[in-house]
């Protein structure tokens, strides 16, 4: 049974509304795009929609109370809140270096790390 | 037991407190909000009137001139900003000229001898940016401008320095007989209307409760007047219009109000308004599109360069107009309970004279007013770093490092001034703002809010979420939730909740 | 050196965000020996410090970085480049001697009030957000009405939320980013309301900040009133007609405790105004020549203080250039004045710089007034290029090579955006 999913392409300011026709997980066709980026985007969003997750964690003894972090690779959309639940438990102690890995392999996935996106010197330094 | 309890910390209550501080009289001022002047006073236009508007047969008219005259000395002692910039009542047509001529004679009969009548030519020369169709004007050189809240803060600070007790967050919720023949005031919890916050006993009670004076009188069982609030909306304009108009500009007055004005405030920025709109709602402080249209449609007739687009901030206040349309100042059938109610315009101007009058009333009601030998009339005013010259700035910053740290970038307010404000009574973000101007500039607190909150939190021993905009439930931030409490929002579009 | 001010300098840069950092690097690269960056925050990085999300550097580094990561790349270069950097320092004015020497008046806890002598100055103070007063929303003035940028600072730098149930007025990128940020922190975002019939932010942000979380975007809608006396209790929203007037008959009230405003950015032009610089009334920033010099000799401007950018990568490019020219000026290089005016034409809101010279290559930045698809950009008779789609929210960049201008003998060049022949009207 053919079904349709809808996406808006983010490749350029036009923002083509895309229609992806599929049967179960099999893509039949994509329409609505004005260039090939659209078809690729819709396919990616349908099969494997990923997002870069950034947030902050608590830091003790640092210049600021929060340390901005990111997950080292884009997560599946559906994993975001599970990842946040893990990340927001984290408390680090200053000093922290930019790029420092704070937690490894979250959500049981190898290579998915929580990484500091700035260095945080100790308070008063 | 106190000799005098003042209900209401607006400019009138604060002026009376300072006057009473001259005497050996135990005085307490009870203010229901988090800080004094947070009611009508904060929203007042700040005009010190010359006195030609009101007739001498009213209390309003009889107190305005002596009140206004007191401001030079008060300013010397209390160091609030005050300047006599002069006022013009302009005639938009030949029909209006007799009206301003009438104001001229009225003024002269009240002893205001420096009034002038200007013709169109003189007007155009002196105020070139006003409309060219204006044909004449009454000029009153002695009219001036203050920041009304600054004045009130200075009054109460001096009163407290001289022994008056100030209690904030202290609304009066009931009045009964006192134990020793005086009156007993029952206080509510200023926070969120919780359990009773204590009692205050006093021989004399002054009802300076502004928009609620009739309710307070009712608590004392002597309500024989009503307060009919009249809302006024005001619009602050971008400071690039500073200097466009140099004096206060009034239209010809109507019975309801002095009209919609152009007001160069003490800080120099222009303000336009107020409207005059009778309302039943004693908490209606909302600005409206209708109010804005009313103000700008009118003001653009007086000065075509002013448009609504120049607004940077807007606010509204309620005038406490009494059912007799005059001040109601005097004793009542309840012994010791004295009204100081219905203080509408020119209440700010008249406030020093009202304070003197009330002291006379207290004396004739049996309160002995013995001068204390050690009354200190002066306060050192707050530092205004931005208005110091460079050498003074340099000296001050070298002496006290807190004056080297700028917190509000738009108005150049330093950390030292924020601390000074807290030292002198600021407990809320608005309290800091009104004392220092931090947050009043072009970015309206965008950059300085967090730092001001930090300093308040540190000085007052509060968590950041306990710092408020102006007391009561005006919290600014909440702490983050614990991780367990955060869940994915539903994937269907949010349904709009109806009010 | 960090925290040191020891004049005299060749170039002083006011602002240590991405613009200021790049300007100082550009000045150093041009050979200026003594350069100083002043910033009023406790650390450099400017607004990037609170932009913890990714999306920066796609052009400049060909990587997707977060704001702090982008900033740190430049801060490292500044420190390695022996550029002095004084944080916690406020510039209260600049005065100029008759020989062009400039004195920058600074105030800091560390030094008190000091006058710093320099040859050239670069303004890089960034921008500020438009406030409630600027769009005049009637109602009360409760706590809980704040700009999206202030909310971002509270959340990301301090870990506090501006509220729990949030409405957002304005679909600029800051508002969209905050819609997502607050959702990730457990707030309920009831909707984003946009006055125009199109979003002001990148499509990518509409998708990844709103659609991903089911947050509705209501176009052609405004906030007509704010409710709540001490604290926000709700907002009344209403659709607007073709003249942007609220249609109150279709208004509805939403319960919320916070209203974020994301309604536009204005260059931080207090200093520019107090210096009496000639300003562009459309951008709000100073008029500049093709060397990014303002109407005051030896005073340059770049980044958001000159005109509000969308991409920090372009800020960096523009600022490296401004710094280079400032550094050269400090070393005595004086270039012949520009002799071509660049003016905005059809469907062009503004273009920067304001004058050109046949002596150098230029990068012109401009914005359209209305969306057009497809269209052609015309630079006088000299150049024409097809563009697939232009929207006001995305700045357009055009490179003009000197040989193009060598053929031009007029004194005014006009930039137009015209519909492509045969294009279907949108």
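By written order: A, B and C. Residues from 1 in each chain.
In the analysis below, contacts are C-beta pairs under 8 Å (C-beta built on N, C-alpha and C of every residue); 3 or more make two chains touch, one makes a residue touch a chain.
Predicted model, so just to flag it, every value in this text is computed and none were measured.
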Relative to the centroid of every protein C-alpha atom displayed, which chain's own C-alpha centroid is closest?
-> C
Centre-to-centre on C-alpha atoms, which chain is most distant from chain A?
-> B
Distance between chain centroids, defined by C-alpha means - chain A, chain B (Å) = 52
Separation of chain A from chain C, taking each centre as the mean of its C-alpha atoms, in whole Å = 26
What whole-Å value do you get for the distance between chain B and chain C if each is reduced to the mean of its CA atoms?
-> 38
Return the residues of chain C touching two or more other chains; collapse runs of consecutive numbers into ranges.
-> 157-159, 184-185
Multi-partner residues in chain B (2 or more other chains touched) are 486-487
Residues of chain A touching 2+ other chains?
-> 80, 84
What part of chain C is in contact with chain B in the complex they form?
-> 40, 88, 90, 92, 105, 107-113, 128-129, 131-134, 136, 138-144, 146-147, 149-150, 153-154, 157-164, 183-186, 188-191, 213-216, 225, 227, 229-231, 234, 252-255, 270, 273
The chain A residues in contact with chain C across the complex are 7-10, 12-15, 34, 51-52, 54-56, 58, 63-66, 68, 70, 77, 80, 84, 98, 117-119
Tell me, which parts of chain C touch chain A in their complex?
-> 42-43, 49, 52-54, 64, 66-69, 71-72, 155-159, 184-185, 202-204, 206-208, 211-212, 373, 388-391, 393-394
Residue ranges of chain B touching chain C (in the complex, touch as defined) = 236, 240, 283, 285-289, 291-292, 308, 311-315, 390, 393-394, 397-398, 401-402, 404-406, 409-410, 412, 414, 442-447, 449-450, 464-465, 468-481, 485-487, 489-494, 496-499
